[in-house]
Every structure is written in structure tokens, then in C-alpha cells.
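Chain naming follows the written order as A, B and C, and within any one chain the residues start at number 1.
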Amino acid sequence: MKKILIQFDTDPLASTFDRVVAVDAGVEELFSYGGITPENVTGLVHGAIFTRGPAQLKNTAIFVGGSNVAAGEAVLKQVQNDFFGPMRVSAMMDSNGCNTTAAAAVAAAKQHVDLSAVEAIVPGGTGPVGQRVAQLLASEGASVTLVSRSIERAESACEAIRATTETGQLTAAGATTADETAALCNGKSLIIAAGAAGVCFLEAGKLSKLDETQVAIDLNAVPPVGIADIGAQEKANEHDGVICYGALGVGGTKMKVHRQAVSQLFESNDAVIDTAEIYRIALDVIAS
Amino acid sequence: MKKILIQFDTDPLASTFDRVVAVDAGVEELFSYGGITPENVTGLVHGAIFTRGPAQLKNTAIFVGGSNVAAGEAVLKQVQNDFFGPMRVSAMMDSNGCNTTAAAAVAAAKQHVDLSAVEAIVPGGTGPVGQRVAQLLASEGASVTLVSRSIERAESACEAIRATTETGQLTAAGATTADETAALCNGKSLIIAAGAAGVCFLEAGKLSKLDETQVAIDLNAVPPVGIADIGAQEKANEHDGVICYGALGVGGTKMKVHRQAVSQLFESNDAVIDTAEIYRIALDVIAS
Amino acid sequence: MKKILIQFDTDPLASTFDRVVAVDAGVEELFSYGGITPENVTGLVHGAIFTRGPAQLKNTAIFVGGSNVAAGEAVLKQVQNDFFGPMRVSAMMDSNGCNTTAAAAVAAAKQHVDLSAVEAIVPGGTGPVGQRVAQLLASEGASVTLVSRSIERAESACEAIRATTETGQLTAAGATTADETAALCNGKSLIIAAGAAGVCFLEAGKLSKLDETQVAIDLNAVPPVGIADIGAQEKANEHDGVICYGALGVGGTKMKVHRQAVSQLFESNDAVIDTAEIYRIALDVIAS
């Protein structure tokens, strides 16, 4: 019986990224849907759970993606509501790679600093990846400054994260220029930049002036990158005492985590692979 | 040469149900389209018939689905109009499982009662499945009461069915409450409930009070089911003298019929697998 | 690692034609998108180039199709803009079969006439295929009359072609009736009819009256065909001294060219298979 992954994407066009990774994770048949909402997903979930016997349902699974984390969360919630009794399949949500990228980045950082004692900053912290990075750092006990162009949105993201974890400490900050972001980074041991493609937070030459910074990770692979001094391919390279990771440097781990998470979907028919479970997979991948 | 099934779904999102069954029926490549109408299907049919030589066209086939039977019928008709000479592929229509579910249910009933002499009732009879159930019962010679909330729609469905068969007898009935439906079921030997998800026709305890009823089949798998006294998994279980089938109990046969019908599409390039042929497959599946 | 082809179709529904050919060309996973524009393609290109390592990117490729050549060209241009450095995949554009059909037709004609000295006419010359036919004929040095119902559109197509080649000679002509088209065909050695389905340029009996015509090719497979005296299946058959090809007669070569071009996409990660390269493939296919 073939392994079928059903991709529910909340964007109009289903992500090619998630499709390629699914194929490379061993999925044999991939059903991809764009434009998925909590309103239109129920019939598709019923089709998934009523076509194979309970003992075989572990061969069907659901992946929720898209660029909007809140939309993905709402779809995953509806998917779970549509299950009942043994009629269910395993599901994961990784809208815009929020979980796998964030997990890979935080797991990478954990190799170099004690996350439970670190002062961290997350420029681009209200985006899909940034919010999960901040959540995982907080769950490890870090003090996290979450930065956005809008302090209101930063504060709102912090509040959402505080609802998921009792550890760590979250501070919202607003910055509309590269200079303001650089000033906020001063004194932080860990920087994880999680902005949109083309947004530069730290211009060339700025990184070496941040004396306290031990680890800097830039998750933007599309030039101009988020931290100009870090090449997209860099992986734990040291520049002036700062251990640096570029998006593609983290991307290798992220890819393995993403593939591993998709593979795990087919081990049972009732798993929900969430942020915490994906982070656990990332720690395993880095340790292996 | 790979077996390609082209799924034309009249709903915006192509059914996962039909996709999973296609994969499990041995289809090697599945091209799924949502939002198909008679107006936009022609180019897709031409692409199907002009890409492989006539001798190889049996490796390409068309499946028409979606929740709306009339829309599916219109698409199938257009598909057939777009063929010419040897440039054609086999096609089947099973909008909302109307043909396969109805065929499986009526074939199940036929094991227990003489359909040519039975008094049957079909609550939810104007829906995609219900209409085919009533049609197949009539084609076997049964007296069928087709029930809907709207007597006008019930009458309209009966007239459509009368145009397809000269045997049997069809009576339209309207019922807006569970009590009205229960009253109509009184005196009927065979009940096949074919309502929408969540519509309960016979409440708990009602089935045992229908003294004449020999067989009761509920085709709704999503709770609340259509006949409260029948579990979705039941298959020919007897309760108080009534042989009962739930949706999943019929579903096993339906699935085999659906898979078998899809497989048959690839035996030639000119088959049209319609309600009557699917019922023939169902009788074979039950006999084997 | 599986060969993935990503199909970007500018029509609302991705072409079944291109999908079947992709499967028959050995593509192992086909990701099909309809409704693609330069505005929505970038995220999908990033997903294609950021999921596999540079050394493995030759296993992913992009195919741009749809019925509108200008729209396909705009998408291909955007796709190429979205690549950077080694992060790229091979790509081809064949909107409405413009390149493969035109290449197959012109390569077929080249077997029978000296294209560098021929007087050619292309009824339906502003359509997706006709424009490429005229372009390839001109690139071989032919004198080409490009015919459309609108002389303005014919002139505009000629100007676009003149920008791509310095050889040959292009003349625009308008014709709104079959008689006008027949008059224009008088004195031409080579006719390649490239009209839309159902448009007849030369009515029955007209072909034998064109004394100078040596080769006539009709690229319309859907009756009524473009040249009534040519059967769709004909392949180099002679009628009254005219060597004739119907759409399916050319179609065999077109199919091989299309499949070969798709196969070639997976030989490297940086090929752009354009009109000229596809014509080179067509000459190879015909020679072999």
C-alpha cells in the first residue's frame, strides 16, 4: 500500500518546497491542494480517513503548509476536529517552514551557547519562522527580544508565545531602520534573523562591532540577506569571534528535520507532529 | 507505459476520496482537476486523446467526480462529445460515490430480500447516492418511496429515474422531521438511508418498532448517522429481526467496486462505465 | 533521487497534454500548476532551487506551458530572474506546443524542400504555433507570408519575429475568408497551416489547384481541419504532386521532440531549452 501525503496549503498555490521535500522523504503519492481553509478542508479530511481501513490508515498522512502560520494553525485544528475515534491519520503543520526552520536554527544555536542563560534577539520575530524561533528559545529558558517594524505586532507575537511556554522571558521591540536593529542587537549573545526575503537587518561590517555576540544566524537565503556579513552557505564559521550560520547552512539540518518529520507521519495513524516534536527531531538530527 | 487516470472533479477541490481509491486501484499517475465544467473540459480531453497512439490509449482513462451528480453527468457527456473515431479513452462517472455506493448498497440488500417484490424506502433520496439507490432498486423491479424534505424535489428525482427504467414503481414523499420519516418507513421491508452527513432520519429505538422491516442500510458514516440504531461498522448484523448495515459495513464492498471499476477502465480505450455496469461489478464483487 | 518536473501553466487548468508527455518522457514526479503568472511564480521557483543541493539540482526542472505564448515567455523570463548563482534548474517553454510542434513541422518540411530558397505561407500565423513556424522558417532563410484575419496582428507578429532572426524575409497578410487564403497560397511552395481548432483555410479540392505547392502541412487535428484535403493521420503522402502532412502525421515527430526535450532538462541544472534548441532536437529526431 502506497504512502500518500495530502498537502493542505493555505496559499493559492501549493508550495513546491514542501512538495520536493515530501518526495525526498519517501512519500509515494502526493496530493497537493492550494487555497485550503478551515471551511473547505472537511470533505478532504473525510476522503482521507474513509478510504483505507483503520489498520492501514498509517499509510495516509496530512501536511499543513503555506506562508501564514495562523491560517495553517486554523486548518490543522479543523483537520483534528474532523477526525473521530480510530478514523484519523497523522498530521503535521509547518507553514512556511516555521517549525522545521526554527527548530533547526535553535538546535544549531544550542550547540554553541547555553540557551537557558542566553540573551537572544530575533529580528523579523513576527514572521512565521521568527515567532517559532522565539517560542523555542523561550521554551529553553532564554531571554528573548522579539523585534518587528511594529512594536504592536511584536508585543502581540510575544503574548501569543507566552501562552505556549512558562519558561524564558519575552520582550517586544520595534525597529524601522537597520541602525535601530543594530542598536537592539548590542549586548545580545545570540542573534537569529528571521526576516522576509530582501530585508537587511545588519548591514556589512556591523556584525564585528557587536562585542557580546557569540552566535549569529541568518535565515534569509534570498539576497540581500538579513545579516550582510554572513554568507548564505556558511555553517558554524567564525568571523571576529562570532559563530555564523547562513540560511543554507541551517538549511541542511532543516531539510533533514523536515524529511524526518514527514517520514515519522507514516509510523502511526494518530501522531500530531508539532513545534515541540519537530524541535526534538532537530536535536536528534544534530546529535546524529 | 504508465496507467494515467485523469480526474475531472466538478467541485473546486478534487476529491481526496477518489484520489486514494485511484491509487489503491493501481493507477500509476493521477492528474487531478477541480472546478471542471463542460465549458473548460474540452482542451483537457484533447490532451488526453492526442498524446498516445490509438493502440496505447487504453493506458489513459478519465474519471468524473464531485458532489453534484447533474454536474458530473454534464461533464461526462461533454467528454464523450470531445472524442472522435479511435481517439477516445475509457471513462467513468461516480460523482460523490453515487454509482459505487448505491451499487454496493443495493447489491448488499439483494442478498437478503427479493428486490423485484420489495417495498423499499430511500430517505435522503434526492442526494447523489439516494437517487442512484432508487434507480437501481426500480431497475430491479422494486416499489420505491423516495423521500426528501421537499416533496417537489422528491417528485423531480422520481421523474428523472422513471426516464431511465421501465421497471419498478416510484413514489415521491416529503418529510421534514424524524417522526414523519419514521411514519413513512412503517410497512417498508427495505430502508436505505442516503442523507447528508449529520442528518438523522430514524432516532434511537425507532428501528425495532418497524415490524415489517427486514433490511436497513445507513449510508452516512459521519455521526450523527442517518439511522441511530445502526453502527457505522455494522455489516449484516441482526437487531430485533432487522438485518443492518452501516456506512462502513457497506463501504468495504463499495471500495472494492470502486477499485474494480477504475481497474476496468484500463482494459480498453472505449469503455463507459455507468450506473448499470457498476452495479454489475457490485454483484460480482459480492458473489466472489 | 527522483526526477521532478514542475509544470507552470499560464492557463487556469494545467495542460493534460504536457502532463502525459512528461510522464512518457520519464519524469517521476510531476508538480502541475495552473494560473501561473510572473507575479505568483517566484515563491514556486525558490521552492524548486532551495530544496536540493546544487549537485542534485539537475533532478529538478521547470516546464512552462499554456495556450498563450506571450504569457509563457513572460513566466520563463521571471523564472530565470529568480535563479541566482548555482541555485538554478533547467527550464523549457513550450506554450501550446509552439516550439515542439513548429520545430517538428519545419523539420518535416526541410526533408522535402530547400528552406533557404522557399516561398512559404503560414495561415494562422499569429497563433502560438504559427508564430514559431514562421520564426524557424525565417531563421532557415525562407521568404514567409504570415497570414491572420487581422493584418495588424500579422504585421505585429512579423515584427516580433524580425527581432529574433536576421535571415529570411517576412511579409504580413490579412485574410478573412477561405477564398482569400487560397488566393494568398497561390504560388507558394510550402504551406504550413497553424490555425485554431475548427478553422478551415483551404476547403476540399483547393489543394490540387495550387500548382506551385510542393509541401502542405496542416497542424490542426480537430475536425474540421485546416486543409480539408489532408487527413489528420497523413505523413508525407503525395496528393497531386503535393507532399502532405496532417496534424497527427507531424504529431509523431512532435511527440518525440517534446519527450526528448523534457529528458534533456535532467542532464544539467542550467539548460534553457528554447525554440532554436528544440528545432535542433527535431532535426536530430528526424535524422535518426
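Observations on the structure shown:
Basically, a contact is a pair of C-beta atoms (placed from the backbone, for glycine too) under 8 Å apart; a residue touches a chain by one contact, two chains touch by 3 or more.
Just so it is clear, the model here is predicted, and its values are computed rather than measured.
Where the sister copies chain A and chain C meet, the same residue numbers recur on both sides for under half of the interface positions. Note on chain B versus chain C: their Cα superposition corresponds to a rotation of 120 degrees, in steps of 5. As a whole-number value, the distance joining the C-alpha centres of chain A and chain C reads 43 Å.
Multi-chain contact residues, meaning those touching two or more other chains, do not occur anywhere in chain C. Across the interface of their complex, chain A is touched by residues 1-2, 4, 6, 29, 31, 33, 35-36, 40, 43-48, 50-52, 60, 84 of chain C. Chain B meets chain A in the complex at residues 11-13, 15-21, 23-24, 30, 32, 67, 197, 221-223, 248, 251, 255.
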